[in-house]
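Please find the structures below.
In what follows, chain A forms one complex with chain B and a second complex with chain C.
On to the complex of A and B.
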């Protein structure tokens, strides 16, 4: 008897729910439509719903249906609640039967979400292991975070013509259609490497090496941002991944390996080299730079900066950004020209580098004049007791305007 | 009123009580306080209701502080390259906003409700350890003030509420902010631990006769689960905070990578605490709305045992999901997959609750009071937060979402749409119980709509911001990364900031409502809502001893079943009014009701804690002095008499002593 009672009790309720769900159909489709629409719009450069490579694509294919299911369930709950609120409001009806529930219905409504989640779980499981596969890696780049910029170190790799290691910063350059493995670590606090169009994020943890994988389908620039809170200028620790066709990548590599060409004598740039030698080489390396007596200059950032590193400025003008990708090295017009170019012409434009008309003089000069005023950093010598006087970030060098003039001329030669 | 002596009726044989051998004063000098008027009745009280109100007032204060911090954050982010705060101040602001809202608003507010209503709901006259209860409150207050003291002493903590190592170390956070934060939380943690033990013992031992565990009000159940979570979670954060304090103050190297430490240790410790903490924050509100929905639906909670067991299940599974906060940290695929699945699993018992609340409404006779509106708001808004939670239980998807505004949207829907709306539901529902006056319902409706619209305007756009790739904890955002079109970051950041101001209006209306109600609110009827549980079976506000006679419980929803019974046709009919039920209890009043005496020692002992911590930061002699205060407090506490001697009380007629005679009949 009990059994029969409980079923008959359940039927009208389930039936009503079913009716509500049928009425819901257009709304559900509407919700799904919104989800679809949102996925089409490519708005902010860090949009997480516009995959541009297989890793991000795998994530996207997994998450879109989850969003859709979640959206549908959300709408169902909202509608059932709204329906109850309208239908069962106090119209003077008698006090309802004091029923303590309906276990059969309850168990059903527990099992259904459990089953949905089980299905989601299976696909999640598969994707997690899929994304963590490393056996088919084609290229390795070491990525090191520090406050507040990223260093990219390309180990020698004959297949890509990297005959000796390349060290760069500001922009990660990779060949398209290549499974790139980033071996990440940090020199100070935890940072996180994230290029949304290419993959999810992965932390760079000091004392550990974490593995991240990127692969881009098409040439282009893909924006990213440090996503693990890393102190004062966390907001300004950005990254850009530049994907070049294989031929263009080979050109980029050969440019990075080009030997140092000192500026011609009696030019402003040559005077700038002297300023650079006096002021900048304490921290910043330019490969191949020699002193007047011919000895090679080896920067010693470890003596001046807590993280022990400063961006290597060799071939600075081959990059579009500086200061941890906070500022553009190119003017807004030139930047738009590169960012918005078709993938066929992108490579050539990017490889052209930065020349004088395109140089963002305002920000670069501002930076040379007083870096900590442009980007919050721990660079006030009075406040560095804890680090024994070492800076976190770049200090104000107190350069004269003529020094800045010379330095800019010199930096422009670092093609 | 510490002791109530009633004229003994002739039938009752007085029990022969052997007086325990306690001294009449602590340390030969300090007796127990007896005054029940003025500030001393608050400062030395051990009454769970007074302490509950003090917890709530403190939490409300910190809610406003945290709210101001939130508004500053939103003003800074309203436009690109915000200039209202600098980077340093912004980092302090979001750290303290989260710390304040989690540790100093939601937790103490829930503790306030628990303190006030647990003894009432289980038919007890106070908690098991009244002095520890008082100590817990003072420790919480001093801990909260201590953390905020840092604003005036060189800057607050700036490492985020999660305070990840090594960024929290002395090198990377050279101000004393993090020290104030660790020590302050340590003090607040002591409050949580003592409170947890106290309430567990109270619930397990002091229920009225007949109140089996499965007849306990659901709020009491949820609070019980929360206390177990606290009792096991707080020790973990205590350890983590000690490690951090020793690293910062005494040269230890627990998180110093150069010395071989692994910074992920902090993350594991923090989240093993931090995830159960999420349930510590939300379950009290689940409990509150599980009380409110049945009352205003005029039917019992749908599937009471399912709600109880799903709450308990959350309490267990909640321990196995912490690493979902670390999906991006490089744990390796096996850990990630396992924690991904366990996180999905915890969605099931949470979903059960949504189903039960919805089906409680189904077929009811709904009365849309403000309390009811807040509860229904919780069902819908918490569901949104729960579902976005499922989208990042999917670990690969989470690697795109974590540390973006999508997460900020998620947990604000859970914590504001869930925890805060639940607490507001509780305010409106229990205000007449606590103060004997009804909050203005009309103003309450405005309050509700401003808060709901405000929170959706504030946190709704954050879903878009996050999915468009705006990371959290950025003191500025830049046009360069904002994009164009409908989903551009500029528009939605501005909407979120405007929404926060709407939210401010909502909270302000609540404060206005409190003020108006205090000035000239309607005196509440004995049972304004047609309530179902024991806390309504006493006067408004309750007498100090809660119940004249302890009721014997025969049903879940005992109060309802004393008022209503099924007639021959199976229809519920009123058989007694609340006044009649209360009269019956009063008529059978207990002859001897001994309430605990107030005490000086809880506040003294608690005061020693911040003094010690201040000393640990600035000067060891001060710490030793603080230690002496603690030592004195402990001895005074241990040695004081269990009650004040009769001779300390003024004659009953004067009315301002702790001894009173209740005149019955």
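On to the complex of A and C.
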């Protein structure tokens, strides 16, 4: 009686299973298709599987075999589980014989994974130590994170012609084939520096110096982004590493060391300089800029910005992104021209900097008009009690359109 | 279904839920109040659930076995654990000290309660069970209670001493010591004194001392100590070559960090050098970031006591008047090391270079570059 009942039950069950399977099929296919297509994305600059330098290569040589081993084991487990679930599902059969423990099997199933993990562990440790080597460093760059952009400063280094410290932001410029060591820290909260094509992630922690090594094989631009949640605009805190041939790097250095050239009298740019002096120098430093009486202008970001810093704009037009590498300083066409160029011509194109035809007027003007509208920042003067009146980010300065016109003309001279 | 007890508990749960709702809707809600009331709702509904589930602990006649008849002795530990839990909750939204007190209460209750419960099932004899409880816990309880007692006495007494003048302090010290000796003598020569009288004396003395301590705290510290604290002359840096009375007291000579420093500055054979991780060789200049605390290590490897002094430019304090920005380590002896934190808000572009040097040691300095 009992037996007959359960078999008659089993029939609708099979039907239902079939129906569920039929309904799931398009979903599964869709998901698999998406994953497959995503893996072929042509524009994926932060792909972790495409190393472009020895440090990233080391990580890649470790992660590929580990991924393979884990993948094979994962597939075996999934297949066995699925098979058992279907094969031994409840069809009303009597409960099978119960066994309690099988020492031989259990010991084998403990030892095999332990051995696999031990092998993976040995290679992991080796890679970790390799990546932390500092003795063969050829160039150091100080990297400072703050909400929500990165600052780079290059200490004097005769070998590379850096006679005075260089300071820049957003785009990290390095010579190819050079073992660069980043000495990282943060001015406010923990951030994390990550250029996937060149190395793994490394946190930038306030009060500590952490090191991170980069080396690029070929000239080019390598994208990355902050990978430690750091507040409101964490998602908008990006960075790029720009690798130049050694000769091009030397040119970049000499351009960064160029002294300030004030705009000619009676030009729009000169009027822009005046606006800049009034509105911007309380936060932004432009090296060599002087007041009408000849005294040097020293910005006071420590009095106005919570992190104590704002990007140094001395050579703004030598980079082609701004505000945490979030926005292009060049038009999309010019950007494509630089990004997609062969590695031989890349350096010259990058070094050309930004001139008027290439300038991304829309975004730069938008930024000057109302920066917090483009990138969320804590910049509402009424809500700064927690930071003692200091901004986190750049505020809306309420500039007039004619001031913006003048400022753009002036900023274009900062090359 | 609903026993009288559970009805009562359901009513309490309902009431607390209503008061939580009213509080959130009508009263201006604060995090503290909300946590307290939602905690009350959670606690009462938990108890209600338990009461419903166990039917108020009511078991039908004839199902009770002899072994369960013996009820456990009443215990204060569940109460203390509950109080500790509330303190932990309140502490998460107020101050850490409340949280820590809560944790201590919970830990103490857990240990005491566990041992007590365990000892009660050791045998059928209550006094024997009590005995083994004491054998296990007294060696822990007595030292802890004694330490707490001593701490309370020292803290209260020190408050009194800080409040009164130096001379009064000496007199009180002598009088207090004399009184304690006399009372001790009295007790020892009259051993037949009643136990209750001795404890009464001790309780009165303790209350008096704690009361005096509290009163002194209200009164505040004596004048000269207040002035010293205001002038902050224990942390006020004196960066000369000679040893300073206050700043060089209690010198810290070891650091535990093994990495993460911006640079290491060493004095060896009368020479000052800098080492920076990743740069080979000894440097005569270091580059540190603007507007950011940069931690550097100073290590003295020469015989004698030296300090590292940083000159970090000038600060305008009034029109035409400026002041040197100086910071320094304490004087440290041979083989010792100490942190120095440099926070520099202006780049080193103009004026005199920023430097690190050793007071009293001419011709040796490390330049600090700030881009």
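Brief remarks follow.
Following the convention adopted for this analysis, the second predicted complex is superposed on the first by the 360 of 415 C-alpha atoms of A that agree within 3 Å, B and C clash if a C-alpha of one lies under 4 Å from a C-alpha of the other, contacts with A are read in each partner's own complex, and residues count from 1 in each chain.
In this section, a residue touches a chain if its C-beta (ideal position, glycine included) is under 8 Å from a C-beta of that chain, and two chains touch if they have at least 3 such contacts.
This is a predicted model, so every value here is computed, not measured.
Superimposing the complexes on chain A yields a three-chain arrangement in which chain B and chain C clash.
When both complexes are overlaid on chain A, the residue A:183 reaches chain C alone and has no touch with chain B. Of the two partner chains placed by superposition, only chain B is touched by A:62; chain C is not. In the superposition on chain A, contact of A:70 is made with chain B only, not with chain C. Applying the stated contact rule after C-alpha superposition, one finds that A:166 touches chain C and leaves chain B untouched. Legend: residue contacts after superposition of the two complexes on their common chain; A:331 is shown touching neither chain B nor chain C.
More residues of chain A are in touch with B than with the other of chain B and chain C.
In the overlay built on the shared chain, the residue A:207 is in contact with chain B and with chain C.
When the shared chain is aligned, chain B comes close enough to touch A:114, but chain C does not. Shared-chain residue A:304: touches no atom of chain B or chain C. Steric collision with chain C, judged by C-alpha atoms after aligning on chain A, is confined to one stretch of chain B among 63-71, 135-143, 153-161 or 423-431, namely 135-143.
Common to the chain B-facing and chain C-facing surfaces of chain A are residues 205-208, 210-211. Put simply, chain A touches chain C in their complex at residues 134, 137, 140, 142, 144, 151, 153, 155-156, 165-167, 181, 183, 185, 187, 205-211, 285, 287, 296, 298, 300-302, 307-309.
Listed in rising order, the residues of chain A touching chain B in the complex are 13, 38, 41-49, 56, 58-59, 62-63, 66-67, 70-71, 73-74, 77-78, 80-81, 84-85, 88-90, 93-103, 105-106, 109-110, 113-114, 117, 120-121, 124-125, 127-129, 131-132, 188-190, 192, 194, 196, 199-203, 205-208, 210-211, 223, 225-236, 238, 306, 328, 376, 383, 385-387, 392.
Residues 259-262, 276-280, 285, 287, 289-293, 295, 345-347, 349-350, 369, 371 of chain C are the ones that touch chain A when the two sit in their complex.
Here chain B touches chain A in the complex through residues 86-88, 91, 158-160, 164, 166-167, 170-174, 257, 260-264, 297-306, 328-330, 332-333, 336-337, 340-341, 344-345, 347-348, 351-352, 354-356, 358-359, 361-368, 376, 379-380, 383-384, 387-388, 390-391, 393-404, 406, 466-477, 480-489, 556-557, 560, 564, 566, 570-572, going by the rule given at the top.
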